[in-house]
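Every chain is named by a letter (A, B, C and D) in the order it is written, and numbering of its residues begins at 1.
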Amino acid sequence: MNRDSFAAGERLVSPAYVRQGCEARRSHEHLIRLLLEKGKCPEDGWDESTLELFLHELAIMDSNNFLGNCGVGEREGRVASALVARRHYRFIHGIGRSGDISAVQPKAAGSSLLNKITNSLVLDIIKLAGVPAVTSCFVVPMATGMSLTLCFLTLRHKRPKAKYIIWPRIDQKSCFKSMITAGFEPVVIENVLEGDELRTDLKAVEAKVQELGPDNILCVHSTTSCFAPRVPDRLEELAVICANSGIPHIVNNAYGVQSSKCMHLIQQGARVGRIDAFVQSLDKNFMVPVGGAIIAGFNDSFIQEISKMYPGRASASPSLDVLITLLSLGSNGYKKLLKERKEMFSYLSSQLKKLSESYNERLLHTPHNPISLAMTLKTQGEHQDKAITQLGSMLFTRQVSGARVVPLGSVQTVSGHTFRGFMSHTNNYPCAYLNAASAIGMKMQDVDLFIKRLDKCLKTVRKEQNKESNMLTGIKCFIGR
Amino acid sequence: MNRDSFAAGERLVSPAYVRQGCEARRSHEHLIRLLLEKGKCPEDGWDESTLELFLHELAIMDSNNFLGNCGVGEREGRVASALVARRHYRFIHGIGRSGDISAVQPKAAGSSLLNKITNSLVLDIIKLAGVPAVTSCFVVPMATGMSLTLCFLTLRHKRPKAKYIIWPRIDQKSCFKSMITAGFEPVVIENVLEGDELRTDLKAVEAKVQELGPDNILCVHSTTSCFAPRVPDRLEELAVICANSGIPHIVNNAYGVQSSKCMHLIQQGARVGRIDAFVQSLDKNFMVPVGGAIIAGFNDSFIQEISKMYPGRASASPSLDVLITLLSLGSNGYKKLLKERKEMFSYLSSQLKKLSESYNERLLHTPHNPISLAMTLKTQGEHQDKAITQLGSMLFTRQVSGARVVPLGSVQTVSGHTFRGFMSHTNNYPCAYLNAASAIGMKMQDVDLFIKRLDKCLKTVRKEQNKESNMLTGIKCFIGR
Amino acid sequence: MNRDSFAAGERLVSPAYVRQGCEARRSHEHLIRLLLEKGKCPEDGWDESTLELFLHELAIMDSNNFLGNCGVGEREGRVASALVARRHYRFIHGIGRSGDISAVQPKAAGSSLLNKITNSLVLDIIKLAGVPAVTSCFVVPMATGMSLTLCFLTLRHKRPKAKYIIWPRIDQKSCFKSMITAGFEPVVIENVLEGDELRTDLKAVEAKVQELGPDNILCVHSTTSCFAPRVPDRLEELAVICANSGIPHIVNNAYGVQSSKCMHLIQQGARVGRIDAFVQSLDKNFMVPVGGAIIAGFNDSFIQEISKMYPGRASASPSLDVLITLLSLGSNGYKKLLKERKEMFSYLSSQLKKLSESYNERLLHTPHNPISLAMTLKTQGEHQDKAITQLGSMLFTRQVSGARVVPLGSVQTVSGHTFRGFMSHTNNYPCAYLNAASAIGMKMQDVDLFIKRLDKCLKTVRKEQNKESNMLTGIKCFIGR
Amino acid sequence: MNRDSFAAGERLVSPAYVRQGCEARRSHEHLIRLLLEKGKCPEDGWDESTLELFLHELAIMDSNNFLGNCGVGEREGRVASALVARRHYRFIHGIGRSGDISAVQPKAAGSSLLNKITNSLVLDIIKLAGVPAVTSCFVVPMATGMSLTLCFLTLRHKRPKAKYIIWPRIDQKSCFKSMITAGFEPVVIENVLEGDELRTDLKAVEAKVQELGPDNILCVHSTTSCFAPRVPDRLEELAVICANSGIPHIVNNAYGVQSSKCMHLIQQGARVGRIDAFVQSLDKNFMVPVGGAIIAGFNDSFIQEISKMYPGRASASPSLDVLITLLSLGSNGYKKLLKERKEMFSYLSSQLKKLSESYNERLLHTPHNPISLAMTLKTQGEHQDKAITQLGSMLFTRQVSGARVVPLGSVQTVSGHTFRGFMSHTNNYPCAYLNAASAIGMKMQDVDLFIKRLDKCLKTVRKEQNKESNMLTGIKCFIGR
C-alpha cells in the first residue's frame, strides 16, 4: 500500500488508527531495510509476518509475477500447479544464469536478491560460528558430496597434470565417491590409533606427497566432522603441508558448522597454512531439508571460479529454506541452538557412560570428537556379528534412528576400492561399537528415550547371548592404555 | 519495502532489474489504491499475489501484529496456534465493537478496513445483480435465519405494540424459527395454486392486515428464492400493501442474488412500495462456506440501526471469505457465474423434462421459479410413501446431493405450529414430486450425472413397484389445467 | 492408504521400511481413535501432522469433497476460491441444520463430527478449568453478547409474562445491549463500594425481585470477569436468591474460563443455588480469533433448547479454531497457560504497585478480582480530564494496547439508558484510575514493556501538570479504609 | 482413521452418514492404490484433496514424522522453521543415499516412495510424449547443464582415454560449460546454412571422428530444442555415426519434451542408431520451478550407473514439484497443454509473419524448428547495433520477457573458447533478427500482448532511425532463395 492507499484508508476508517497501522508497517520495513543494507543475520529472529511480507515483496519483483508481463521465451517461470507456486512463494526462476550460479537474472530481480542475501547471511553465520577469516561463500543446491566434486572439477582446470587426491580415510561413501565422480584417484591415508582415537597420519601424508610429487596431486581432501572413534583431521598440520608443497586443500566440513571445535580447526588451518575451500551441508547444520551445501573459502576469486563452474541455473529451494530459517532464528536463535547442542553432547556423553558401565562396556575416550560418541559392544566368539546385527535391527524397529552399530571385520568395495573394516575408518579397530551423536536440534527427550530403549535392547541381546554361549568364555575387549 | 530498501537492493543486484521489479510492484499497488478509493469490485479478478499482498498489508495494521506492541487488556488478539493465525491471515480482532458490528476498532485498523471494504464491495455486487436502488448493506457472520431474527428484533423497538408477523408460507424451518426466536407469532398465509405454481395469496394478506390491525403487525416477511412448485412471492403487490398500511416489509432473499428475476422483484418492490430490508445468504450466493449473510436495504439509517443492534464484536471470517472471493473473481467473473447458472437452469430443465416424460412423469410448469424445478413422482396406492422414501435414499447413497423428494401428506410440528403437507408449502399439493435446482457454480457434469443416476434409480424403483402392485390400478397424477 | 497400497509400496521400496512407516501411521491413528472414543482433550498436544491428517480425514467425509458427488441443490458446499477452500480445510457446510445448530448434517458427516468433537472437548476443558458439575455445552459462532441474547430469547418462551432482567451494573456496552436486543428492560442494580472494591448489592437485588415480582423477571444476569475495581458478582448468593424465587440465572463469564476463581464461583453457584447457563467468549479464553462463544449449563435439556433456538446453519470457523487450538495444546498445554497467567498476574500486580508508589499513586486493593488491576490517577483541579485523556492517547500511540484510563464523571447514554460515571461501574467512584489486566497468553515481556512505557508517559504528564498547576494545591485521592 | 475410529464416529453422528463418508474415502484410496500399483500417470488429474492426502500419508512414513522417534544421528530430518517444514509437506530427508541418488532410505520410506513414483510417472510421460522406447529415467535436482556434466563424468570411467566431445554448435553457455566443467575439450562443429535454417554439418562430424579417432572421443553431444534459425540436430544420422564408430551419444533435449517433433527425433535416433542418454529440463517442460532435470535412456544399467555417480543425497524438492504437477494435471491435462502449445505456435507464427511484413521484414523460414521463431531486423549502416540494442531494452522495460534480439557480429569468449557471431549459432548469419518462442503454458494473451508491444517498439525505433539516417540507403537483408 502506498501513500494514496493509506489516504483512502483514512477516509474509510479513522485517520488516527490508519496512521498507527501505517506506523506499525514502518517497523517491518525497517527490519527489511537493515537486512538489505547490512547483509547480516538479524540478532533477533523475525516474526513470521515480517518474513512473509519480505518474501512476498521479493517475489513480485520477478517477471513471472508481473501483472502485465507477456512471455515469449522458452523459460518464463510458468507454473501449472497452484500448490507448487505457493510452496515456493512464487519464486520460480531459480538462481544463477547459464554462466554462473551466483549471477543476477534480468528476469528475476527478486530471486536474484534472495540469492545474494542468503549468501550474505550464511557468510555472516560462518564467521559467527568460528571462522571469522572466511571471505566468500555461496549456497549450492547440491548435497555435500556433489559440491566437493564441483570443487575438484574446478581445481582440475588449474592443475591439468594432477591425477591424485590425498585423502585421510573416512568411511563415508559419498566422500569417496565425490573424488571418483570428479575423475580422480583417491590416495587413501590410513588413520593411526592414539588411545581410543583414530587420527590423521601426518607422516604418511607427507611421505605420499613426496612419493607422488606435488604437481600430480590435485589436492588434500580432509575431514572435520566424523563418527567416533575417528576424530577431525589435524587440519593445522595438513594446511601447513599443503602451503609448503603448493598443494590445494579442500575440507569436508559436512556437519562441522555446529561445532566450534571443527570451525576453529578451519580458522587455524587457514591462518597458519592453506585451505582453499571448505564445504558444509545445509541440512545437517541449519535444520533444513536435505539438498544444499555451502562452499566457502578465504579467497574470493577462487570461490567465484567454483561458482562459475556450475553450468546452468539451479534450484532456489535450498537457499529459500536457509533464508527463512536464519531470519526466523536470528543470530541469537542460532547461537542458542549451538549452545544447547553442546549441552546435549555432555548429557548424552554422561548418560551413555553410565549405561555402558552398567553393562560392563566402555564409552570410548575420544575427546577430540565434539559431536559423535562410541560405546564398545562386547561380543562373544562366533555369535558376535549376529548379536550386533540384531542389536542394530532392534534399535531400528524401536524407532531409534541414527544409532549405528559397527561390527568388526566388515569388508566393502566402493567404486573399485576395497575397504577392510569398513564403517570403522580403519582396517582393524580393536572392538565393535555403537555410535550416537549429539547434533544440532537434539532434545533431552531424544537422549532419554535413546538410553531407555538401548538399555532394553542390550538387556534382551545379553539374555539371548547368555543362553547361547553359557559355556564359552567371554572375550573382553581390552583397548590399549 | 520502502525506497531505502530498493536502493540497497540496487546495490546488490543490477539497478535496472530492481527498478523493473519496483515498477512491477506499482501495478499491484495501483489495484489496491483503486479498490480503496472507489470501493468497487474490480472488473477483472485479482491475481493471487495481489490479493495476498493486500491481505498482508491490512493485517500488519492490526495491533496484534505490531512488532513493538505490548498488550495489557483482556482481548489482545493473541493466538495460541500458528495454524489458526495463518488460516485467518493473522486477522484476529474480528469486526465491530461492543456497540456496533460496523464500527471501527482502534486496535485493529486493518480489520476495520477489511470490514468496510467488504461491505462496500458487496453493495456494489448487489447493485450489479439487479437492485441498483440499494443504498446500504453489511455482512453479518450469522446465517440467513438468525439475520432475519436480528431484523425482527430491531423492528420491535420501533413497533412496541406489534406481536404478529405476516408470513406467506414457505416450508423451510429456519424461516419460521427466525420469527419464533425473535419472540413473535407468525401468521401463516397459505399459498394459492395457480396452474402448477404455488403463489402468494394477496387477498388473504390484506384480510389479515385488516383483521389484526397494522399496529399489531411487526412486519410482512416475504420470500423470493424457494423450491418449486412454490414461486417467489408477489413482492410488488406485497410492498404496496405494506406501504399503504405503514407496515415494515422484510424480504428473505436467501439465495436470490444469483437470479436476476429475484433481484428484479426486490428492486421493483422497493420502487413501487415498501421494503425495509432484504436478507441473503453468503454461502448460497457467493460460493463461500456457510455462516454469513448480507442485510441490505434502501434506507441507511434503518440498516445502521440493525447493525447497532448486534451486541458485541463478531467473526471476520465470513467477510474475509467473501472479500477474497469477490476480489478473485472480479465483477466479470461473478457475472460469468450468473450467466452460466442461467444456462445450466435451461439445460437442467430440458434434461429433466425429457427424462420425466420417458417415465410418464411431468416436469411441473413453474415459469416464475428461476432456480428450482420439480418433476412429478407418480406413485401407487398404499406403497407410495415407501417408494418415494426409497428413491430419496437411493439418490443419497449414489452421491446425488440436493435432490429432494417430497411425498404427499407429510405432517410436521415446528415450534408448536403444525404444518400439513410439510415440505410442499401447502396443505394438499396434488402430487408427490422431486426437486432439483440450478444454483450458482453448478456444472454441466453435475446435471449429466444427476440425470443418469436418477434414471437408474427410477428404473429400479419402477421395477419393484410393478412387481408389488401388478394388480393395482395405477393412479395417475392429473394436475389441474 | 489402505492395505493394498502398502503392499504395492513394499514392492517399490523395501518391505521392512514400508512396514516401519505403516507402523508409524498407526500411532497417529491411535490418537485419533482415542479422541473419537473418549471425546476428551488429549493430555499432550498433538503434532501438527496428526492434526492435519485428522482434519483431512474429516473433510473428505463431507459431500462437497466426494470425488463422485453431483449436486443439484441450492447449497452444495461449492467454493469459488481455492484460497478460501484451503483456509477452511475444505469444510464448507458449516455446522447445524435449519432446526438446530447442534444437529447432524446428512451432507456433511465430517463437519458434523467436527462439531460434536469440539463441543465435547470444550466441555472437558470447562470441567478441568473449575466447573466439574457442567453437563452440557456448545460452541456458537457469535460473540458473547449475541450469545447472551440467544439465552434471553430462549427464556422468553418459558416465561411469557417476563419483561425485566435484573442486572448488577457492569459498564460494558455489549452486556447491556444483549438485553435490549432481546427486547427486555434491564433493571440496573448499582454496585456497593467495599474498601476499593465494587461488589454486588444483594439487598438491592432482593428488593427488586420483591418489587417487580418473580414472574415479571426473565432472569438475573450476573457477571464474573470484569475490570477492577469492580469484582465478580457474588454468584453464590445470587444463585440462592434465584433458586428461592424461581428466577432463571444467566452468567456472563466472558473471560472467566482462564481464572479458577471465576470458575469456582460458577461451580459453587450451581451447587448451592441456580445457574441456568453461563456464557464465555472463545477468543478471550482460548486465544482464537474473535467470533465465537460457549453456552454451557447444568441441565442438558435447557442447553439443547437454546441450541434449537438458533435458526439455521452456522459458521464452523470458530469451532474449527478452538478444535485446532485445543488439540495442539493438549490439556497440559492449556493448564500451563492458566498457570502462567496466574504468575503474570502476580508479577503485573507487584510491578504496578511499585510503579504507582513511585508516583505517589496507589494500586487499588481489589483482591476479589483475579484478572484486572487498577491504579489511581491523581489529577489536579480543572486539568484532570485533559491529563487523563492525554495519558490514554500517549499509551495508544506508544503501542500499549488494552490499558484503559477511566476519568471521573463520564456520562454516557446506551440504548436510551443514561449511565453516570460510565466505565467505572458506579455513579461516583472516588478517583480516576488506569486498568491493566493479566489475561491468558500474556508474556513477561508485555508486563515489562508496559511498565516502562507507562513510566515514561506518567513522567511526561506530570511534568506538564506541574508546569500548568504550580500554584494549585494537589487534591489527593483518599479512598476509604 | 481406522475402523475403530469410524465406529466411534458412528456413535457420535448418524451411522448412515459416517458410512457414506467412509465410502467416499475409499474412492481417494482407490486412486492412490492404482498409482502405487501401476506407477502410471492417472488419466484425469487428481483433486487437491486426494493429492494432499497422499502426500500426507507418505510423509508420516518418514522417521522425522514418527511420533515416538528418537534421533541420535547427525542427520535426523530436524527442522527449525515450521514454515520450511510445511512448504515441503514435512519431507525432509531428501532422496537417495550416499551411494546412489535412486537408492531407498531406511529412515525415510515415504520420501523413498515419493522418489520411485515420481521417476515412474515421469517415465510414463516421456513415453506418451513421443519416446515409447525409453526404458529408464530419473529426476535429478540439478538443472540441465550440470546433469549433462554428470553424464560426461560417468562416461569418463568407461572411456578413460577420451578427451574430446564432438559438439554441433549451439550458442547457449551452459551447454558449452557442461563439457568444460566435466574436464573435456569440446570440439565445435559449425552449422551449415540451408535456406534460412542452420543445420548439423554431418560431414564435418564424420571427418572429426576420423581425425581424432573414436577412442579419444568421449561422446557426441547433440541438441534438439534450440533458438531459430538453428534447428534440432539431425539426430538419426548422428546416432548412426555414433553406432558405427562405437561412440556414445548424449542428447541435450532441454525443452524438447513439449514438442512431439523433438521427441520423435530421439525415438528414431535410438531405433536406427545409438543414443545413450537424453537430458531434459523439468522447469521448461513441466512448468515447475527451475532446478531439476530428467536423465533418461534406453539401457537400464547405463542410466543406473549415472544415478550411482551422484555422490550423496539430494533435494527432493524438484521431484515433489513434478509429482504434484503431474498428479494434478493427469496425462490428459498434460496432453492438453501439449496440444495448446502447438496451436499457439501456429498462432504466434502467423501473427509474427503478418507483423514482420508490415515492417518490410521477414519471418525466417525454419520449418524444422517446432518451438522457436525468428524475424529479421533490418538495420541501417553504422546505427544497426544501437537500434537493435535499443529494441531489446525497450521490450524489456515493456515487460516483454523471453524475446531475444540477436545482432550481427557479436563476439564472446566462453571458458577460453572464442565464439564469433555469438548467440546466432554461426560465425556469420546473414542478418540480425529477433526470436520468440511458443513454449508450454503460453496463452493467446501472451501472443497478442507481445505482437502489440513489439509493434509499438518497432514503430518508435523506425522513427528514430529515419531521422538519423535519412540520407543513408537502407541495406536490406536478402536471405537466399
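To be clear about the criterion, a contact is a pair of C-beta atoms (placed from the backbone, for glycine too) under 8 Å apart; a residue touches a chain by one contact, two chains touch by 3 or more.
Given the structure is predicted, the values throughout are model-derived calculations rather than measurements.
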Graph separation of subunit B and subunit D (steps between touching chains): 1
Interface residue overlap between copies subunit A and subunit D, same or different (over half shared): same
Between B-C and A-B, the pair with more C-beta contacts: B-C
Centroid-based (C-alpha) most distant chain relative to subunit B: A
Between subunit A and subunit B, centroid-to-centroid distance (C-alpha), Å: 57
For subunit B paired with subunit C, centre-to-centre distance based on mean C-alpha positions, whole Å: 30
Residue numbers of subunit B (touch at least two other chains): 20, 24, 48, 52, 63, 66, 68-69, 82, 106, 396, 399
Complex interface listing, subunit D residues touching subunit A: 48, 51-52, 63, 66, 68-81, 83-84, 87-89, 91-95, 97-99, 106-107, 141-146, 148-150, 153, 156-157, 172-178, 180-183, 225, 254-255, 281, 283-284, 286-292, 309-318, 321, 324-325, 328-329, 333, 337, 348, 371-372, 396, 399-404, 414, 436-442, 445-447, 449-450, 453
Sites on subunit C touched by subunit D in the complex: 1-2, 4-5, 8-9, 12-14, 16-18, 20-22, 24-29, 31-33, 36-37, 39, 47-50, 52-54, 56-57, 59-63, 65-69, 82, 86, 90, 104-106, 108-110, 112-113, 116-117
Subunit C residues within the subunit A interface of the complex: 20, 24, 82, 396-397, 399
